[in-house]
Amino acid sequence: MSVAQTNLWFTELQNDNLTIGLRIEKTIHSEKTEYQQLDVYKTVQYGNLLVLDGCIMTTDKDEFVYHEMLAHVPLHTHPNPKSVLVVGGGDGGIIREVIKHPSVERAVLAEIDGRVVEASKMYFPHIASGLSDPRVDVQIVDGIRYVEEHPNEFDVILIDSTDPVGPAVGLFQRPFYESVFRALKEDGLMAAQTESPFINQDLIRQVYGDVRATFPIVKLYLAYVPTYPTGMWSFTLGSKKYRPQDVREVRVHDTKYYNRDIHHASLVLPNFVKELVGE
Amino acid sequence: MSVAQTNLWFTELQNDNLTIGLRIEKTIHSEKTEYQQLDVYKTVQYGNLLVLDGCIMTTDKDEFVYHEMLAHVPLHTHPNPKSVLVVGGGDGGIIREVIKHPSVERAVLAEIDGRVVEASKMYFPHIASGLSDPRVDVQIVDGIRYVEEHPNEFDVILIDSTDPVGPAVGLFQRPFYESVFRALKEDGLMAAQTESPFINQDLIRQVYGDVRATFPIVKLYLAYVPTYPTGMWSFTLGSKKYRPQDVREVRVHDTKYYNRDIHHASLVLPNFVKELVGE
Amino acid sequence: MSVAQTNLWFTELQNDNLTIGLRIEKTIHSEKTEYQQLDVYKTVQYGNLLVLDGCIMTTDKDEFVYHEMLAHVPLHTHPNPKSVLVVGGGDGGIIREVIKHPSVERAVLAEIDGRVVEASKMYFPHIASGLSDPRVDVQIVDGIRYVEEHPNEFDVILIDSTDPVGPAVGLFQRPFYESVFRALKEDGLMAAQTESPFINQDLIRQVYGDVRATFPIVKLYLAYVPTYPTGMWSFTLGSKKYRPQDVREVRVHDTKYYNRDIHHASLVLPNFVKELVGE
Amino acid sequence: MSVAQTNLWFTELQNDNLTIGLRIEKTIHSEKTEYQQLDVYKTVQYGNLLVLDGCIMTTDKDEFVYHEMLAHVPLHTHPNPKSVLVVGGGDGGIIREVIKHPSVERAVLAEIDGRVVEASKMYFPHIASGLSDPRVDVQIVDGIRYVEEHPNEFDVILIDSTDPVGPAVGLFQRPFYESVFRALKEDGLMAAQTESPFINQDLIRQVYGDVRATFPIVKLYLAYVPTYPTGMWSFTLGSKKYRPQDVREVRVHDTKYYNRDIHHASLVLPNFVKELVGE
């Protein structure tokens, strides 16, 4: 090893039997918020790294995949999204992609932990950049409650949650999807991050079933996220009227991952994933 | 941690700044062959694991992705592959997929290290299963030399190499691709594994350029391989006549990852990968 | 890293904030006994390694320190030990040292888990060697109960326990030391392993207090054990009559660590350890 | 794991087959000096940690052992040390102990890397505290050359080097000890840190032989250093006239490890260490 390297590693136990390790140049920030442990590191491989309760949330170098894919697949599926809600997503990455859509008039961010928003503005300015847009309304609130209290209000709801442990558990349960259904307008649609088909089969099967029981249209899609377990990440889309397969044109072009062909390719599932969700 | 878990981990330094760790139940085999260190472990997450010189080669649970995708995309691109050469690939996984094609009359495996073949037969019987097929000819030879000595002989050549360090370096260089070109019939084609677009940009750019300088048709395609760095794996296809985009029907259906739609979706590249190879 | 090395590591979380890692050549044995997880590994640095419930018990290369020091300091303190009890210590290392004393007529091993004894005979024959001596009586029993049921029987009792978690907790509590007092003859003495003064201060203070409340004479002594946390290991000796400081001659000479001067040097405490136990 | 813990670890490869890991709260400082990589971390277990080129130098919580033992054993061996040289030791810990001796009139620190001195003053003020004493002369120079250029000048020379790799190699070689001999007055003496008897046998044997060939009196002594490999650390003392065994009284009492009995106990060697150096 070169003598100029540190021996400092961030190691995430992705599950009981799997780890990812990132060499760290230095810690940038560390605090215990009201809700969780929040750390920011500078990694050698991926630039700055945001960690909540020991789990990788996002990095400078690969954040674009997750943020573009959770935002643009559902937003392009809707012909004219004006009002969008992001549940979680305090780093602002989803909001940044949402406001690239010219039709969007209002984007609400419902994040429970205001410290995540502040840390992102400070240490990930290119991710948080959209939060100061005049169309954006940052609400530091319990997302589950916010959704319950705003029926029939949104064209698109995007659920950018942490892993289904601790406070985020409710975001992966059927009553929440039913509540999301009510918060959407009559032609609205939602998408949620739903972990890896290689190691979270039970969760994906359950969420997919719950969304299918709630929305007339359900579709799983995939993207490559290097810093999430296995690198294959799934998203579950539930829609009242529009189908992601029907998208012909895309409106947003300043992207590093998403494009029209990727939109459709992400909907294509390997056989073992098709079997998993019964498509 | 549950008291029934071991504290034994296999940790691969994927590059200087990135690791993957797999909890190990036990070692199954360990030897120093004439060419390399060969280890077989039982992991909790992915079943048996084959390691060469400290690098993950394949695991029981995710081997199907790599093997199906390196084999079926090029083999379906050829309308009638009869004679196929696999360079490297001593575990037999590529051969197993090759002989699923009914048109194949002869499949040669040119592997330099006979111990890899033996270890695979012993500890990965479901991967090595095709090696005893009467159409298969296992040659324990230097693949580079074998290719040089067999001009105008193959319809498809598949390069299933280890990482571009040590003995495998030559398999990533232009003289080898030119030699492969000569070993192919006049409408032949090749494919090679070419690492991750997230961290091996220089290698991919170089190989893609070399293949493009050698073959009239070149195409990069992608698959999700959880145990390889970043989980996004690339393959580079070079062809004298046929284009992978033109495949209409697929002939092989007993697959866990590959299908006709995946064939085409794998050819679709995210913007940052398109830029990388200039597509 | 040399290509001939494995990437397999045994990593013990010594406490929440401290680890030791040993490179592993291979697993030798792994089983879930009635009482605990039992693993044997071959390490590169220390030879074979015995692990119970994820904690390092002993290794080929450094076992002599712990075994000699837990046995010979108390045994030499007694002028004529004839009857000796070892509680725990299923690997046999303490027994091997005990029977080096020519005065010993009977050495009982009270180990709760017979599988530890069997594994040691198989994989650590040089440690288990004394178990077949005719003076040795191996009892697969609950040591706490065995001590209770044998009053006034032993000259020396040695407590070779695992860490004070799970089944071994009782071996670090005052009722047990009182029971040991009763099992000893009127001039008997005991010694127990009592963890590291650098990180287990509370435990040492408590055990030392409990032994001092039970025995007229108490003494802490130290030895270097590389594979135990911090490398500084303590032992607490409780005695009815004899003082370890008074030893003039030693009777056992085929040792790799212990000698007469080491006997006395091990009783000398650094200032911070003196303060810890109030000596 | 508690959610309030970070997943950040400093892991030192102590040799090819052995690691120590310390959980890190945060990085405090990181720079590439003219000579080496210098990092300061806050650990959970041991407080602040100073690292040079990836190797643990010292920590808040255990520094006292090494610094007291490298200083006080030789300084008490000399009946009246007035002029003392420390080679290396830029953190100031040895100097802090040296000036506790009332006889000392002048203490020179010859450290090659001025950044180590500055970092210690900033992040380890209790270690660097002695550097501002009027008797102390801090020289940012090559220690080997400094020794060569100051013949017949010192009563005691203490060699507080990094590991015998890279720039420190010369400090472990015979020409340097001969140079130290010349820099000492006619009744002078030296001591050097000489790694672990459990894993650095060749080095200890060689240094011990070189010092014995240079000085009429040579003695190895030991101390417990938890953050150095194996926890057992050796020091080699070479003397023209005085013997460490002859010390009757100690002059320094505000110590956490060292005392008169520890002085003598540290000179007592386990059998395997006696054999190693032929004592």
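The first chain written gets the first letter, and so on, giving A, B, C and D; residue counts start at 1 in each chain.
Everything that follows uses one rule, which is that a contact is a pair of C-beta atoms (placed from the backbone, for glycine too) under 8 Å apart; a residue touches a chain by one contact, two chains touch by 3 or more.
These figures come from a predicted structure and were not determined experimentally.
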item: Contact-graph distance - origin chain B, target chain D; value: 2
item: Those chains which touch chain C and also touch chain B; value: none
item: Rotation angle superposing chain A onto its copy chain D by C-alpha atoms, nearest 5 degrees; value: 180
item: Shared interface numbering between chain D and chain C [over half = same, under half = different]; value: same
item: Whole-Å separation of chain centres (CA-atom averages), chain A against chain C; value: 53
item: Chain A-chain B separation of Cα centroids, rounded to whole Å; value: 32
item: Residue numbers of chain C (touch at least two other chains); value: 1, 5, 9, 11
item: Chain contact topology (line, ring, star, complete or other); value: ring
item: Chain D residues touching chain C - in the complex, by the definition given at the top; value: 1-2, 5, 9, 11, 15-23, 43-45, 61-62, 64-65, 196, 198-199, 222, 224-226, 229-232, 255-259, 261-262, 264-266, 268-272
item: Residues of chain A that touch chain D when the two form their complex; value: 1, 3-13, 24-27, 30, 32, 36-37, 39, 41, 51, 53-54, 166
